[in-house]
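In the part that follows, the structures are each spelled out as structure tokens.
After this come two complexes, each holding subunit A, first together with subunit B and then together with subunit C.
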Partner chain A sequence: MTSVPQNLSTRLAPPAASGARRHHPGYGRWTPFFFLAPAVIVLFSIGIYPTLFAIATSFRRYNITRRADQQDGFPFVGFDNYFTVLHDRGFWDSLLLTGKFYLSVVPVQIALGILIALMLHRPGWSLLRAITRVSLVVPLATTYAVVGLIGRLIFNRDFGVANQFMSWLGVSSSDWLGNPTGAFLAIVVMDIWQWTPFVALIFLAGLSMVPVEIEEAARLETKSPWALLRYVQLPYMLPGLTAILILRSADVLKLFDTVFVMTRGGPGAATDLISIYVQRVGFKVFDLGLASAQAILLLILTIVLSRLYIHIFYQEIE
Partner chain B sequence: MRKWLLATLSALVITAGAAVGDPTLARAEWALDKAAAPYKGTEINIIFLDRPGYRAIIKLLPEFEKKTGIKVNYEIVPYENSREKQVLNFSSKGDLTMALVDLVWIGEFAENGWIVPIEKFTSDASITDPGLDLKGFFPLLLDAFGSWGGKVYGLPFDNYSGLLFYNKCMLKDAGFDKPPATWQDLYTTYAPKLTNPEKKQYAFALQSLRGETQSADSFMRVLWPFGGSLLDKTFHSNLMSKESQTGLKFRQDLMKYMPPGVVSYDHVEAVNALAQGQVAMITEWSAFYGTLTDPKTSKLGDCLAVAPEPAGPAGRLPALGGFSLAVASQASPQQQKASWLFIQWATSEDIARAYVEAGGVSGRSSVYEQADIKAKYKFVEPMVASWQKGVPEFRPRFPAWAAISEIVAEVGSKMMLGEVSTEDGAKQIGARMEDILKKEGYYDGKKALRQ
Partner chain C sequence: MAATRIGSLLHALGLLIVLAFALFPFYWMVTSSLKDQTELLASPPVWFFHPTLSNYMDIFADTKVTTAVLNSLIVAVSTTLLSVILGTPAAYALARFEFRGKADLWFWFISNRMISPIVLALPVYLLSRQVGLLNTRLVLVLIYLTFNLPIVVWICTDQFRSIPPDLEQSARLEGASQFDIFWRIYLPLGLPGVAVSAIFAFIFSWNELLYALVLITSQGLKTAPVVATNFMSGYELPWGKIMATGTVIVLPVTVFAMLVSRHMIRGLTMGATK
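Showing the complex of A and B:
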């Protein structure tokens, strides 16, 4: 066995408890900066700079297809864009619809997610559980646009499996994407299909944190699965629930591809979620000032909702 | 000796005169490879769509690249993203050297100075084919697709006309030996006999998915033939006029002969409904002829027939659409010239036949006069008939159309669903559209009333 060189063992030795911290001779004042710089630069260029640019743009008349705006140098207009957004009925209708969509999908995803997580947490059937865990990743790994295309096929009136399924239940075939309620239900179903596995995996991670001895002790104490869930397992799942609520809120606010491919926001305005609305203002009309104001308001909404979730649901596990 | 001199001089004079006066001779001297020699190795960039006309030119591209040494880079994008991609590229001084200009973008691209009028290049004999012959294009196409404010910017490349595609076997079974000549015929005579909801068979399908399909293919299609229009001469809404309302109400009435859920039909669904025998007639772009004749995508076979769109009380004013190619002003002078050579070649009479045979629809009139082309492609005659008369502003081509189209798409599909009446819908579109046009400066004389 080779012995550790004298100088290396000195280097590896923890700093003396008393006296000033001693660093390697190559460690200078800027060393931490160099290590942190790549992450900060990337974060700044893809996160902070675009946000600051959007804030600046939201105070300007900034339509890149309007020559007058370009000639005027995209002039500063104060809070005009924000006033326009606040008085825009279409924006509020879309936001309300997005809220309705969120309330339709998230409770179902949570309920199904808990159910799946509990089933996967049960002892036994280890091979099947492993296969199920892997297959849960498939919807998550599917591109949003592809989910939309699959949705168009599933809900096709003539050859879609949705109508096939309904006919087995004795319900006459329906034109899902051609009527407002059907189209809304269709995008709800596709979102539940795609994101329930994510919720289930987060809950499963929470369940795996429950100490085995506590769970075993609880099983000896009670035969009620509900009591076990409520008093032993749920406290470990709550931090995950907060993460789910925050991530799903942000996701729903920016959910675009699937809905655009399936319905383009129609028929009428039945699936005109806020992301579709903002995209239209930003990249069809190219009114980047107005679209930025809308995006900033949505950012504020996301932050407020996140703080609210943390305040209400989050608690450290003792 | 003197005689010999005189004879030689006379011959020289005659030859020189002929060379100056005869464009065929000038043309013989101009050659694409020679003209392109200074631009060998230049790379030019353009956006293409995943449609037959683009697949056709891609097939022919190696010939151009071999002849000229110019490298054509193309990126295929969905139509829905093509404007967005180009606008962002042009406004950020990107790498595109050419613009693919949809009929409704010409005003926006030209007014923003993103594309160059062709006169900049036609004045340079070294890069302009003497056989360019702008008169060889259908005048309606050159006017609608390529011109704005009296100047030509682009040359018609991927050209469409709305046509009536129909299943003549279904019509025959219902007792009709020819297609409806008017919309009224279609509604009163043909549609009741061709509709049988129990068998899931319908007379007609009008693609009406929210988006440009709703605004251009569905909404505008019922305005013009009935004498209506989107705007009046002062650029105020004309949707409350008797004619416009008649057209919009006609669409509502006709819906009972269309498959349920037609509001969710894009082009693919409408074409498929005809191809699979679910509907007897559709009005679609000429470009879908290939899909409907391909046994892999259609079971129509010999039952497919094509006619011009039915006429309305105001005459036959079919949907008009298509794309021109224009040189981008952001390109370097070298790239601009190379791009101009490509555009001339891609839209030239020389390759028009090969382009049509590869699946494209040329804007050159002469190719459709060839008997074998007429015989082989059933869509040619009705399409040529449709291009004789039409309205370039079938959809307004000014920059505000993108915003207006979104409003029409939203309210237009609500009308079809019965969520709003044609009158209330027309009022809503009118108010929101006029608000946009006011901001654009059309009502205070800042902008010429040009559409």
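Showing the complex of A and C:
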């Protein structure tokens, strides 16, 4: 098979001949390439090229406030930036805080998500169920930055509605965003609001894959909703759980907008999640060499996560 | 009998609580945008008030918000179109052709979903500063492709796979070119998937903050989320204007998302339930 006139020869070849070629049934060796090339070239040049640039930058002392025409320019410093990052308490603290945030939101989202999915799946109240299901896309479509703005209003010390709710429960009002625990709780609440629907919808999709006959037979067999959940519904929801754990970890590592608007990482470092921290080093301190090293370490972490995700979910696609 | 009735009532109550939970922040934003400053700053907050459109008059009197909304619209529509034009042929190739490295290529597309924008924000900032793309809408259109293109490829590959391959075979027998097959069979039949992926691309671009924040500094080119967050400076915050701007940004997208919620939900949960 020569390569160039493939499209042409395929078109001109008699149908029988084209059917006889087992490895390239009806299309040339290069045909996929033409369809793929535009997307691959574009994504490569705007995704990979900057990444390579970041790797190069991470090996230099690259402070944007220095002028490029200064004597030493941007000197090559080897792994210095990486050593600095790995010995930087702030970096580790913000990674730990990101982990703590993940452990604060995800279990709640899973518990609420299962509960909501079961309520949306249960027969009865079909109109109310339909309305509720539709309403779940509202948090998901809300601009993250605006979620942060709403959060600042709701958790305002003087006129926030959160304090009003607390007073109904008999708890005295507090300056949520002004103290470390309150600010952390506030971003946790907003994340739970925004992402619980996603978790619930994934569980619901799993639930709706339970064959109807099996579920009905099980309902006749047992009165206990617990047994139904445990032996019939849960097995269908579990694949979704792994997806949730991995996708949410990638999302938490990415989380920037809402927290940036609500707290800018403060007070102190109470909500200084990893994206906020890297952004500050890069665009406020302008130590781009250091920030690039942090970004590359974050990228490595993300690649490990996404490999894990792909490994678990897409083995069947070859 | 009584037990089932109680169960049913609890079910309805639970659904109502979920409904209230899902809509409350949105409701609070919209109602706050309709309050005047004294009602907004009332402590404890007031739930019943005389709605006024004065905040909307204020933000639309100023060109800042309208320009920002227009910028967002231009960027989001362009990047969505571009990702559909580039992504659908790639999705077709991944769905129907066999070639070496296909699985790896597909994984590469998908893994872009996981990458944090902060990883790319820095080098993209430096590069676009060098080539003079800083403060252009083009740089946003291009950088948004890094998350839009994977979404389009992901959803459309799945959609195109569900189209019966027989159609393609018989079209080929009738002498249709490969591009004809893609253009006249796959695109029209796969339209639901293409539309869903376009909706996602639009919403993600419309909502994006980080890249827009660092790559655009000139006032006339700022996007809507950036302008909304810019209100958050100074001593006395104009909460009415902030919430009105938030509503202008969020309302069209949420209404649209609710209208196509069935497709949205399918797109969102795709891949998680296989």
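One rule holds for everything that comes next: the second predicted complex is superposed on the first by the 264 of 318 C-alpha atoms of A that agree within 3 Å, B and C clash if a C-alpha of one lies under 4 Å from a C-alpha of the other, contacts with A are read in each partner's own complex, and residues count from 1 in each chain.
To be clear about the criterion, a residue touches a chain if its C-beta (ideal position, glycine included) is under 8 Å from a C-beta of that chain, and two chains touch if they have at least 3 such contacts.
Just so we're clear, the structure is a prediction, and the values are computed from it rather than from any experiment.
> According to the stated criteria, A:284 is in contact with first (subunit B), second (subunit C), both, or neither; which is it?
first
> Could you look at A:267 and tell me whether it touches subunit B, subunit C, both or neither (first, second, both, neither)?
Only subunit B; A:267 stays clear of subunit C.
> Could you tell me if A:275 is touching subunit B, subunit C, both of them or neither one (first, second, both, neither)?
The answer is second: A:275 touches subunit C but not subunit B.
> Which partner does A:167 reach: the first (subunit B), the second (subunit C), both, or neither?
second
> Counting only touches as set out at the top, which of subunit B and subunit C does A:195 meet: first, second, both, neither?
neither
> Just checking: does A:206 make contact with subunit B only, subunit C only, both, or neither of them? Give me first, second, both or neither.
After superposing on A, A:206 lies in contact with subunit C but is clear of subunit B.
> Counting residues of subunit A in contact, which comes out ahead: subunit B or subunit C?
C
> Determine, under the contact definition given at the top, whether A:183 touches first (subunit B), second (subunit C), both, or neither.
After superposing on A, A:183 lies in contact with subunit B but is clear of subunit C.
> So, does A:32 touch the first partner subunit B, the second partner subunit C, both, or neither?
second
> So in the superposed three-chain picture, is A:51 touching just subunit B, just subunit C, both, or none of them (first/second/both/neither)?
second
> Between subunit B and subunit C, which residues of subunit A are contacted by each of them?
Residues common to the subunit A contacts of subunit C and of subunit B are 158, 283, listed in rising order.
> Going by the contact rule at the top, pick out the subunit B residues touching subunit A in the complex.
83-84, 87-88, 91, 108, 111-113, 200, 209-211, 214, 259-265, 278, 399, 402-403, 405-406, 409-410, 413-414, 416-417, 419, 440-441, 446
> Using the touch rule from the top, collect the residues of subunit A that touch subunit B in their complex.
64-68, 70, 157-158, 175-180, 183, 263-269, 272, 280, 283-287
> Show me the residue ranges of subunit A that touch subunit C in the complex, using the header's touch definition.
For this pair, the touching residues of subunit A are 7, 10-11, 15, 18, 23, 26-27, 29, 31-36, 38-40, 42-43, 46-47, 49-51, 53-54, 57, 115-116, 119-120, 122, 124-125, 128-129, 131-154, 158-161, 163-164, 167, 190, 193, 197-198, 201-202, 204-206, 209, 239-240, 243-244, 247, 250, 253-254, 256-257, 260-261, 275, 278-279, 282-283, 288, 291-292, 295-296, 298-299, 302-303, 305-307, 309-310, 313-314, 316-318.
> Help me check something: in the complex, which residues belonging to subunit C touch subunit A?
For this pair, the touching residues of subunit C are 8, 11-12, 14-16, 18-19, 21-23, 25-26, 28-29, 32, 40-45, 85-87, 89-90, 92-94, 97-99, 102-103, 105-107, 109-127, 142-143, 145-146, 149-150, 153, 168-169, 172-173, 175, 177-178, 182, 203, 206-207, 209-210, 214, 224-226, 228-229, 231-232, 239, 242-243, 246, 249-250, 253-254, 256-258, 261, 264-266, 268-269, 271-274.
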